[in-house]
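One chain, subunit A, links the two complexes that follow: it is found with subunit B in the first and with subunit C in the second.
So, the complex of A and B:
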């Protein structure tokens, strides 16, 4: 029973990370029509940044770190947008944009490896210690991850569902031409979307760093995010979140019968979903929110 | 003889001549490792040409050709080392196995549209990666498969990498001619119609789904044949090659050379594979350089090297027509690459 709880907990916490990466993927796909293959590298960049600030520069104040990180993420988001989106607005082949994100991802990863550290490093957790209840142990960092992810998701929902600027952004994502006619600065909204996505994914990388250690292999989370987008239901943010948690749970429970073929189980589920209900588990709302 | 046939014949002859020249003058002077890189690039071209058919003609982005390549390689290796099937038969069976897998996947996935299909193929690549790495009875697991026999054709044994180059080059030439031919058949034209507008193609009586499945199987067979060539050429196969990163590299090869031109794609393939050798001076900055190059190339020439060349030719013709107003505007801006 303790094992079951442990698996569920790891599943959900990893799933929340998949969910944030998947949400970022979804937002970019809607707003810019680009399938971002640099998402994993952005996640790794967040982790590298946490190592840089906490271990290399030994910054003491948490607030300072967050502000600095935010500045870096926004800068990366702006550069990323102007490199990977703006030159391709009128391109005939959408694939060119995709290749460009692959290139940008390589650049981000190499910059991290060259200028921060080339080795796998560990970072001390933001909240040290752990809670042990009847045989199974929960590090406090997990609670922190839960809290921060929930905060981020509710913030995002609030932004896109309730606030005016969020509505403007979804309008620009849904129909660029109409939004242009209504005087919405579509370039600006796309750039803001890129910045939000980079911040979101970067901070999740930051939170993950103490659990998974800092290395370039963090970018492998991206593949699971692709799977979550499809399993949850293509086109909606809710779907991305639920899909992410489901993928995390599937992966955690698959350790009961196999450890080497985890990927086969996860992506096999993806293929099954595509074969039998291609709209994903939450088909409702996709029509409304689809770009 | 028709003008078109003559042109193709001329192209084939000059290409054969170029292959002989290259073999005698360049390949003999290169190191064995460098010849290996070029040969592997020529083999990868089988995979890339499948992607050219899918993406360039059909507008379908498939990210699982590397799995077909791997399946072809491992089936060929398995049949030869464990069941002692002779090499030529094992190679054909490898290609066939990939074709069967492609048929199955195509029937399953091609009903989907846009990003869903791409995500599905990504899933296939990850499953393939995991199976190749862990299914020890079939692929040899992390150690890979070794000791695959040599190819013997008409009493001639292909032993060294330098022996292999002319054979692979001729194969690639045949492949380019085949791709050129496919573009002019009804099948090729209906494929392009599907790419440009699926609804319009459907209304004109093209069976969209079947066309896509056929081209997917064709790409799978090509990739599988490339895989078995790889297995026999190298003698050993390691599962670490058939990963998603390699797949992304294939996409880059195709886009770099030019998604609309088989010859451009060939150049892209050789260039991307040979780049680490060319840019050795950059050692630890190599990947950074590579990433920057990709970004810049995609921004400034999204149609790849071939696209730039074609544009230059068109511009030259337009200028020449301006100088000779009596020429009737032949080759005017109507066929400008967009």
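So, the complex of A and C:
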């Protein structure tokens, strides 16, 4: 029983990370019309940054690290948007943008390997120690991940549901032409979306670093985020969240049976979902989310 | 007053407008009639700064030929696009809110409750659907929402691109009544239409456009009874509409 609780909690926290990465995918898909193939590399970049700040530079103040990281993420977001979105805005071949994100991902990864570290490293957890009640052991880091992800999602919800600028950003994402006609600075809103997504994904990577260690293979999470998006139902943010948590749980529970083949279990489930309900398990009000 | 002189517009190498001169006087409804592909939408897009063009566009003596879409909006020239293009995933209320961007600003805090009140007074049906998402509205309601969203921008000139498109005759009539009502509040309107008969009925002055050029122009009442025009245009358009 204790093991079950432990798996559930770790599953949900890691699932929330997938959910965040998947939400980032959806946000970009809606705002820029591009499936971002650099998402995993951005996640890895966050982890590398945590290694750089915490181990290599030995920065002492948490606040300083967060501010520096924010600055880096926003800068990367702006450059990423300028390179991958703006030049291809009017491209006749929409896949151009997607291919460009693949290239950008490679550049990001190589920069991390070149400038930060080429070896697999571990970093200290932000919250050391673990909670043990009975046979039930959970590192505090998981609670931290849990809290941070909830915080990010609440922030996102607040931005898009409650705030004027979030509404303007959704409008621009839904119809660029109409938004331009209203005088919405659509290039700016798209760039802000890129920055938000890079921050979300980057900090997720940061939080995952102590759990999964810092290496370029963190970018494999991209595939899990895809799985989350597909399982949850392509197109809706809610679906991305639920899909992410599900993928996290499936992965956690599958460790009952196997650790080496847990990817097989996850993507096996993905195939099952695709076979039996290709719309995903959350039937989204398609029309509303599509446009 | 909006004055356009010798306007040419291009899509790549295609010249869609070949020298257009029109003016819209304060308080008037001015309509532009023409078949599909005549260049009516392109004319509005040129004013909004959405397409490459040459020539002069003056708004109250000020040259806005080279103005960006944002700057044009700041002047109070509001373009309600063809096909309504409301934001489908936002509610009616949110669609209206977004309409204020040109004077409210991205992170401004100016109140717009009164503007919303006015739009709801004009279109009570929108108030009934206040929290419904825009994709779930009927065509007529979407058109009203698109016009309402334009009104939220506090227009000094409202440019409507084919507001009757794809609507049932009764709904078209309702929409046109509202357009006249808006005009009575002192907002000049540049109306684009394929439904010539209706457009001539509500407008003060009319231009007839064909293949990127103005073919005829005149006071609407006179054009309405002009045999040549009746024969050449009204018949055709009626069939299409």
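As a working rule, the second predicted complex is superposed on the first by the 282 of 291 C-alpha atoms of A that agree within 3 Å, B and C clash if a C-alpha of one lies under 4 Å from a C-alpha of the other, contacts with A are read in each partner's own complex, and residues count from 1 in each chain.
Keep in mind that, in the parts below, a residue touches a chain if its C-beta (ideal position, glycine included) is under 8 Å from a C-beta of that chain, and two chains touch if they have at least 3 such contacts.
Since we're looking at a predicted model, the values are computed, not measured.
Shared-chain residue A:112: touches no atom of subunit B or subunit C. Touch criterion not met for A:201: it reaches neither subunit B nor subunit C.
Legend: residue contacts after superposition of the two complexes on their common chain; A:83 is shown touching subunit B, with no touch to subunit C. Looking at the shared chain after the overlay, A:96 reaches subunit B, while subunit C stays out of its contact range. Of the two partners, subunit B and subunit C, it is B that touches more residues of subunit A.
Contacts of A:145 after superposition on the shared chain: neither subunit B nor subunit C is touched. Residues of subunit A touching subunit B in their complex: 29, 35, 37, 83-84, 87-88, 91-93, 95-100, 102-107, 109-111, 114, 223, 226-227, 229-230, 234, 260-264, 266-268, 270-271, 274-275, 278. Of all residues in subunit B, only 55, 61, 108-109, 111-112, 115-116, 118-120, 122-124, 126-127, 129-131, 134, 244, 248, 251-252, 255, 259, 284-285, 287-288, 290-295, 298-299, 302-303, 338 touch subunit A in the complex they form.
Those residues of subunit C that touch subunit A in the complex are listed here as 48, 50, 69-70, 72-74, 78-79, 81, 85-90, 94-95, 97-99, 101-102, 104, 106-108, 133, 135-136, 149, 153.
The residues of subunit A lying in touch with subunit C in their complex are 164-165, 167-168, 170-171, 174-175, 177-185, 188, 285, 287-291.
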